[in-house]
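In structure tokens below, several structures.
Across the two complexes that follow, chain A remains constant while its partner is chain B and subsequently chain C.
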Partner chain A sequence: MQKNVFQYLAVLAVFLAGLAVSGSLSRSAIDIAIVALWFAYLCQTWNIVGGLAGQFSFAHPVYVACGGYTSTILLQHLQVSPWIGMFAGALLAMVLAAILCWINFRQQLPMLTYALITLALTIIGVITLHTSSFLGGHEGLFIPKANSPLTFRFLDRAAYFYIILAAVCLMLLLTIALRASRIGARLVAIRDNQDAARMLGVDVLRATMAGSTISAGLGALGGTFYAQYLSVVDPSIAHVELAVQIVLMTAVGGIGTVWGPLFGPLALVPMERILSREFVQLAGLGQLFYGVLIIVVLLVLRDGVVTWAAKRIRQRRMAALIAESRSRENGATG
Partner chain B sequence: MDTFLQVLTQGAVLGGVYALIALALAIVYSVTHQLNFAHGDLMAVAMYLALVGSHALGLDPYVSIALIAPIMFFAGFLLFRVVFASMLHAPHLVVIQVTLALSFVIQSTLLLAFSANFQTVHSVLSGEILNLGPVSLSAAPVLAFTVSIVLGVLAFVVIRYTDFGRRVLAVAEDSEAAALSGINVALVQALVFATAVGVLGVAGPLVAPILVLQPTAGLHLTLISFIVFILGGANNYIGTLVAGLIIGLSEALSSLYMRPAEFAAAVPYLIFTIFLLVRPKGVLER
Partner chain C sequence: MLEIRGIQAGYAGVSIIRDVSLDVHERQVVSLLGANGAGKSTLLKVVSGLLKADAGVVTFCGEDITNLRPDLIAERGLIQVPQGRRLFTRLSVIDNLLLGNSPRRARPQRNALLERVLTMFPILAERRSQLTGTLSGGQQQMVAIGRALMGAPRLLVLDEPSIGLSPSITQEVLDQLTTLNRSGLTVLLVEQNVAQALSVSNRGYILENGAIALDGEADALRRDERIRKAYLGV
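So, the complex of A and B:
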């Protein structure tokens, strides 16, 4: 409990720090910050099902596209504000996730098989977006720029920064609460050993269904945000590379942890952007550095930076405790 | 009717190449239990090496195989020792993450060295046509198909009838028992991995004159080899060949009949998804 209070305070500190730096960021820096936070948000939503429940899914771009496309279509055809439309997108993503989850449960898919099925679905999704004229084909759908907060459109970039910062902090709170809750404990139990969890009376279908639909729905909200921020939604939003980046950034931070999905993107996105800007005449060099760094982190630290740091701290504490009890014993005998 | 036959044979020819690269993936999986998401990217490297050979040294892609295959073999050996060997006992998740990052590294390197432009490689067979009754075929794919089948049969013979092959089978069956009976498991794994990459070093230059080269070409090849590997079944040569043909044919036929035509690219993935839903246990264990 005490640990949770400490974590809630840390979330507050993140939020305040975000607010504090927002004023001093340059125009390009705020764009990088928004994209980094957006990736952090997606990693956090993926982490619920990919990290806590251990259901390794590549379908997240499909959910993100559900959000971005649904809210944009509703805005264009029915003049529904994206603030409302984004929940329609989230609903669609949740239905898709529920179907996938049910299939996974019914067929008892091995982990690699599930990963490959979701990967195949993402590719089919991208091809569908490219070919559908209703969804704008290659060009996608445009959202006219305007300054109307009621329809989720701002000319001031800072507004998007505040929104995504708040969303990331809310996700931190949700993850902390989820890890401490019954459903979170059930998801972790399923990840560690599904058969044992079932034997202890965990309703596997219900727990994973809850986890996947929450994860998908929240991911879709991120899609609407990105469409509004860019004023366009095109098939690139659902690319396989997005799924790969979500997985890698979460892995570098620490899969299944509260702070890993935030730390990974916040460290990697600005680094990748700065490297590609520094080596602009050498396209690819920045990404090359970035990829090598990820491999090194994964091979050396295995479970990501946050998990590694937590382990080190625990080891220190244990060592200190052991040393303390030893010196006490020595004092008693001597 | 002519176009139909034409497309049919072209699909079958491409399917043979798919079967070969899936076979390379399958053999590595059987001895290391690692699914390499950078498999297709390694093949893309071999294709670009053929491009370098043809542009810088004036070598025909088919001649350059003599150089590229050994280079890829040694590169594969090193890659296994540096990256893959340290993940042998890691969970599947770590292997997926690291090989995805590796694919990222290879794609960026290709982008850095060759730019994002589409490129093509010319060979002596470019534009040559073989006439077989009602069908006329380009010579280059037919050669690629023939070499693929020969290599597949060769792999089968080596594994079944040589001492090294028996060691490979022993490691695939039970690596601990193999180690106890005196087999150098780490060496067998490294050699199998290196051979698989060497096979990509043969397949890459063979298809370089047929396909368009771009730095991201690897992802598609990786996924195609996963699909063929899983459809075909582990350690099942005939199955892998049949699966390769099915995917090659479905790609070719759907590009002919599918409307809108762009959706044809999705067909192999659809077949794959449906197959896995019907036979989920497939060949990958939990």
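So, the complex of A and C:
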């Protein structure tokens, strides 16, 4: 429990640090920061089922699109503020997630099927967005720029920064609380050994259903945010590439940890931007370098940076304890 | 309490066990014995709902539970300590125990059950916040048994609890089973270790090549010439 208090304080520190640096960021830096935090938020929501329960979902782009498109359509056709519309998007994403979950976990299907079913949904989603004229086809839907806080629109980019910073911090709190909760323990048990969990009476369908609907709904809220921030929502928001990026960034940070989904994007998004800017003459070289770097990190650290660091700290502490007890013994005998 | 009638099961159309019948009566300790590959684990998978039976019926407390979902079987009070313990190694001792309290039927008794388990295995109280992956084999077996007890079992099934344990620790585990049985728990013990298992059982079944070869009172089995030759090495 003491550990949790420490973690909550760390979240507060992240929030305050974010506020402190916000004033000194240049215009391009604040855009990179917003995108990095947005990725962190998506990784955090993905981590609930992908990390804790180890069930890799590739449907997150669809959930994000549910949020972005639903709130925008409601705004355009019914003048509903995205602050409200985003919850309609979340609801839609939750229904989709519930259906996928039911298909997968009703039967005792092997782990990989969940990844494949969710990937299929994303592919269907992208095609639907491209071809539906109601959803604006390739062009997508535009949101006129305005300074109207009530309809989630700001001319000052810093506002978006504060919102996504707060969202990321809330997700940190949620992840900490979830890991300490009954449902969180069940999700981890499913990841460790699904059959053993079943035999103890854990209802795997119920637990994953709860986890994945929460994960999808929160992901959809991120979609509305991104649409408002860009003033446009188009099919690129639901691209398969996004699903891969989410898994990759979380893996670099540390899948299933509290801090990994934050660390991965905060390190990788700015790095990718800087590399592609530095290597602008040789298109693709930056991307190549970025890809190699990720491979190296995952080969060397396996479970991600955060997991690796936590292990090192634990080992040091253990070594210190052993050294201490040895010196005490020596003192007693000598 | 548990009646298994004519069970046939296997993988990919190949039958591993054929026409297996077995009875566990209330308050008994029954052991299911046999060598590696005899089909013991396959039978247990059918009983716990992890594997569909191709034929036959499993009845528990008068209710047909054949091919029921594993969590619903656990909900009815038939709880297994799986082979190799299958602990949640990323979770602490206490979290593992609390996960055992998943059946709705057992939840109201959570604190009483936890107190009983921690009194039974005081070392677990000491190590409550340690990750189970870092415990010794004997302690891990205690967590596995304690976790199953947290589900308030009416029938406790143990799949080869002696694997990976020294004979003396195995004896300790079996002694705990005897104590639990005296306080009213029914036990189905699956073992390769015939001598030690029979010493704590009322009845025994010998499974050979997927079929019951022999069954009877534990004392009678221990005196049986064939068993002495094949399993006890006398």
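What we mean here is this: the second predicted complex is superposed on the first by the 329 of 334 C-alpha atoms of A that agree within 3 Å, B and C clash if a C-alpha of one lies under 4 Å from a C-alpha of the other, contacts with A are read in each partner's own complex, and residues count from 1 in each chain.
Note that in this section a residue touches a chain if its C-beta (ideal position, glycine included) is under 8 Å from a C-beta of that chain, and two chains touch if they have at least 3 such contacts.
This one's a predicted model, so the numbers in the text were calculated from it and none came from an experiment.
Aligning the two structures on chain A places chain B and chain C next to each other without any clash.
In the superposition on chain A, no contact is made by A:D156 with either chain B or chain C.
Contacts of A:A251 after superposition: chain B is touched, whereas chain C is not reached. Of the two partners chain B and chain C, more residues of chain A are touched by B. Legend: residue contacts after superposition of the two complexes on their common chain; A:D195 is shown touching chain C, with no touch to chain B. In the superposition on chain A, A:E324 makes contact with neither chain B nor chain C. Within the superposed three-chain model, A:I124 lies in touch with chain B and out of touch with chain C [touch as defined at top].
Look at A:A283: by the touch rule set out above, it reaches chain B but stays clear of chain C. In the superposed model, chain B and chain C sit 80 degrees apart as seen from the Cα centre of chain A, a figure rounded to the nearest 10. After overlaying the two complexes on the shared chain, residue contacts for A:F56 are found with chain B alone; chain C is out of touch.
For the overlaid pair of complexes, the smallest distance between C-alpha atoms of chain B and those of chain C rounds to 11 Å. Applying the stated touch rule to the two superposed structures, the overlap between the chain B and chain C interfaces on chain A comprises residues 108. Contact residues on chain C toward chain A in their complex (touch as defined above): 48-50, 69-71, 73-75, 79-80, 82, 86-91, 95, 98-100, 102-103, 106, 147-148, 151.
By the touch rule above, chain B contacts chain A in their complex via residues 35, 83, 86-87, 90, 92-94, 96-98, 100-102, 104-105, 107-113, 115-116, 215, 219, 223, 226-227, 230, 260, 262-263, 265-266, 269-270, 272-273, 276-277, 280-282, 284-286. Residues of chain A that touch chain B in their complex: 56, 103, 107-113, 115-117, 119-121, 123-124, 127-128, 130-131, 240, 244, 247-248, 251, 255, 282-288, 290-292, 294-295, 298-299, 302. Of all residues in chain A, those touching chain C in their complex are 108, 182, 185-186, 188-189, 191-193, 195-204, 256.
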